[in-house]
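Common to both upcoming complexes is subunit A, partnered first by subunit B, then by subunit C.
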Partner chain A sequence: MEIVEKIVIAKDFTDALGARYRTDGPWSGEQFLEDILQNKFDKAVQTGGILFIDLDGVFGYPSSFVSGSFGKLSLDKGADLLLKHIQFKSDDSPVRLYEVMFEIKNPKKKEKPVV
Partner chain B sequence: MRKLDETQKRYQRIRAKHQEKRRSAKWKGRKKRQRFIVETKKIKKRKQAKKKSIPLSSPTNFSLIQNTDEVLGYFELAKKHLNNDENVTLDISDVENLSPESVTLMVASINNEQFIKNGIVTGNAPSKSKLNKLFTESGFYEHVSANRKFKKDANGLLHKETHQKVEPNVAKLALLRGSKHVFATKKVDLGIMYEILIECMSNTNSHADLKREGTYYWWLYVYNDPETNITIYTFLDLGIGIFKSATVQGFINKTRKSLGMYPHINIVDDLLAGNIKSRVKKDGDIRGKGIPQIVANAKSDYFRSFYIIANDIKINLKTGERQQLQHSLNGTMLYWELEAK
Partner chain C sequence: MKNWFFTTVTYVGILIAGIVIGCIWNNVPFFTLDPQINIADLVNLFVTIFIAVVVAKIFQYSLAIKTYMIEELGELVDLVKLTHKVIADAYSAGSFSSTDRDKLMFAFHSVELKLGSIETQMSAAFPKRSIPIMQSLMSSYLDYKNHLTGGEIMFSSFTQVSNTCYRDCSTQHSKIETAIKTTLQKVHKL
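Up next, the complex of A and B:
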């Protein structure tokens, strides 16, 4: 499949990511999902292409941001569809790539044992 | 006579209506009550100021991390006096040891309505020159009424947040200040620390009082130790504390917790593993990953030490050790030391 859409998070969004919701503060996962990720992903799916996402150049990926963007999208569209149409680049840190992939594959956290 | 146009007429109608309202008994009564409240408060404040201040000598080891129970006990005692409409003087002149997290707790407490109530707090600075420098250059005096102004350490950071729950730019600044001190020009990926800072901020609302959403009272202090290449971070949120706000499962446990008969130490493992259900119902299925991320990141070699103190529990995240405290912190504090390995 051919790359039809591209997001460089540090350039197209910010290098200092926030938390989950817009109400939490700036540069949230919700903001990223609604303003950038959702549209580009839909276009990639419609054209049968790949959305290329560059994770480098960002200070860090807070779990609430990842969950509020990639996790939410995975929950809505399904992990298989995301993995088919999204390709990541993370030269700075392979751990980040693993964390984002893990979130896509497991958007829901594990079963909560009774306390 | 000049003829008024429609806008001017509308303006005059509004003004007339307003003036009519001001003549009503209801309006006058309300204003009178408001004036009375303001005057009563002024009188009360004047009376309070005339009261003698109770001197409270701090523990000589004024380090919250090293001497947790004694320092928390000191603040509990001060709060007890203040809540009893008394004034206190926080005397830290004789301290032998003072640490940045204690300075953070002090400045946050003095700025906390629940702590102060109607009382007045006065205080002094440590006599020892090294500790005096730490105290006066921390930025403490920028957050209290003081007669003197002190030069603030330009490389440190003492941030008080009231508006935004999460401030990515403050996290970035805090990271850069510490990184510069610890690693100088060496390029180090401190993503794990950025993530910790954002998760700390992000958690403030969920363990603060849900009835007061929209206001956030968290403090972040970055202290660069001039004698070592260590930077100390203190994140403090005087909400209700993660243990007090945690919800437990089962009717019996819930009843015991509401009666204060369910020891917080019992839920430490579940809380650290993200198994405690959030009080925030939205997206419950995908929430709860923040604290496990902090716990995992705390294991990094970049951190010399890493502690959480919340309510009556102290946890050493490096060793997994936990301690039941005799005195309680009304809130949650995260403390870590960044060093170059």
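Up next, the complex of A and C:
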């Protein structure tokens, strides 16, 4: 499959990631999922291609961000579909890649707090 | 001119050394082969010496790698301490700012770089035996990171480290430190 969509998180979103929900503060996982990730992932699936995500250039990935974005998408769409249509790049840290893949394979369901 | 001089001296030196070695070889026979010795015994002796040398070399290499990996794990303990220090300092100061949050994430980034380096080195030195050891360490690390960056500390509204939060963070820090030191024991036993 060829790469049809691309996200460079540090450039297209931010290099200082926030928490899980929009209500937790700026640059949350929920914001990333709803504003960028979801749309590009759907396009990649529809065209039968790959969404390429560059994880480098960011000052660390809070667990809540990873869970609120990749974990939530995995819960909604299924880990197999994500692993089929998303390709990650993490030259900065192999542990980061391990963490994201672990979250996709073992997403934790979190109830959104009522505000 | 200088090069020519040194080249000449080198050739003359080699010639003299050759003459000296030749004289010793002919006139001072340190080792002579007793014709009564069985050739099979001699081969057996050399094979035994060869095996001993090879085993010693392998043992020395393995010991050197283990010592190095243990040093790396020691440095990992120090880096993990820096993540806890951010929380401890904020607890002492009575406030937690967005700068502290960035410091915490940067400290985790440094831990992950070291952890990644250790994982790569371990899989190169001990390809099969290192897998369960590193999986266990990675799992403990993700638990620790999840406790610190998977909840309220990442909220922009989190401005103070409470007693309960500090106690929880200290407990989690102790757990990851124990996990790394346990890994250190496992590397010793490899």
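In the analysis below, the second predicted complex is superposed on the first by the 108 of 115 C-alpha atoms of A that agree within 3 Å, B and C clash if a C-alpha of one lies under 4 Å from a C-alpha of the other, contacts with A are read in each partner's own complex, and residues count from 1 in each chain.
Basically, contacts are C-beta pairs under 8 Å (C-beta built on N, C-alpha and C of every residue); 3 or more make two chains touch, one makes a residue touch a chain.
This one's a predicted model, so the numbers in the text were calculated from it and none came from an experiment.
By the touch criterion defined above, A:Pro107 lies against subunit B but remains apart from subunit C after alignment on the C-alpha atoms of chain A.
With both structures placed on the common chain, the touch criterion links A:Phe41 to neither subunit B nor subunit C. Greater residue coverage of subunit A by touch, when subunit B is weighed against subunit C, goes to B.
Of the two partner chains, both subunit B and subunit C are touched by A:Ser63. Of the two partner chains placed by the overlay, subunit B and subunit C both lie in contact with A:Asp24. Applying the stated contact rule after C-alpha superposition, one finds that A:Tyr98 touches subunit C and leaves subunit B untouched.
Looking at the shared chain after the overlay, A:Phe13 reaches neither subunit B nor subunit C.
Contact with subunit B, but none with subunit C, is seen for A:Gly71 once the two complexes are overlaid on the shared chain. On subunit A, the surface touched by subunit B in one complex and the surface touched by subunit C in the other have residues 16-20, 24-26, 59-60, 62-65, 67, 92-93, 96 in common. If you check the complex, the residues on subunit B that touch subunit A are 164-169, 171-172, 175, 189-195, 198-199, 201-202, 205, 248-250, 253, 266-267, 270, 274-277, 283, 285-290, 292-293. Of all residues in subunit A, those touching subunit B in their complex are 14-20, 23-28, 58-65, 67-68, 71-72, 75, 92-93, 96, 107-109, 112-115.
Looking at the complex, you find that subunit A touches subunit C at residues 16-20, 24-26, 59-60, 62-65, 67, 92-96, 98-99, 102. Residues 102, 105-106, 108-109, 112-113, 115-116, 119-120, 138, 141-142, 145-146, 149-151, 154-157 of subunit C are the ones touching subunit A in the complex.
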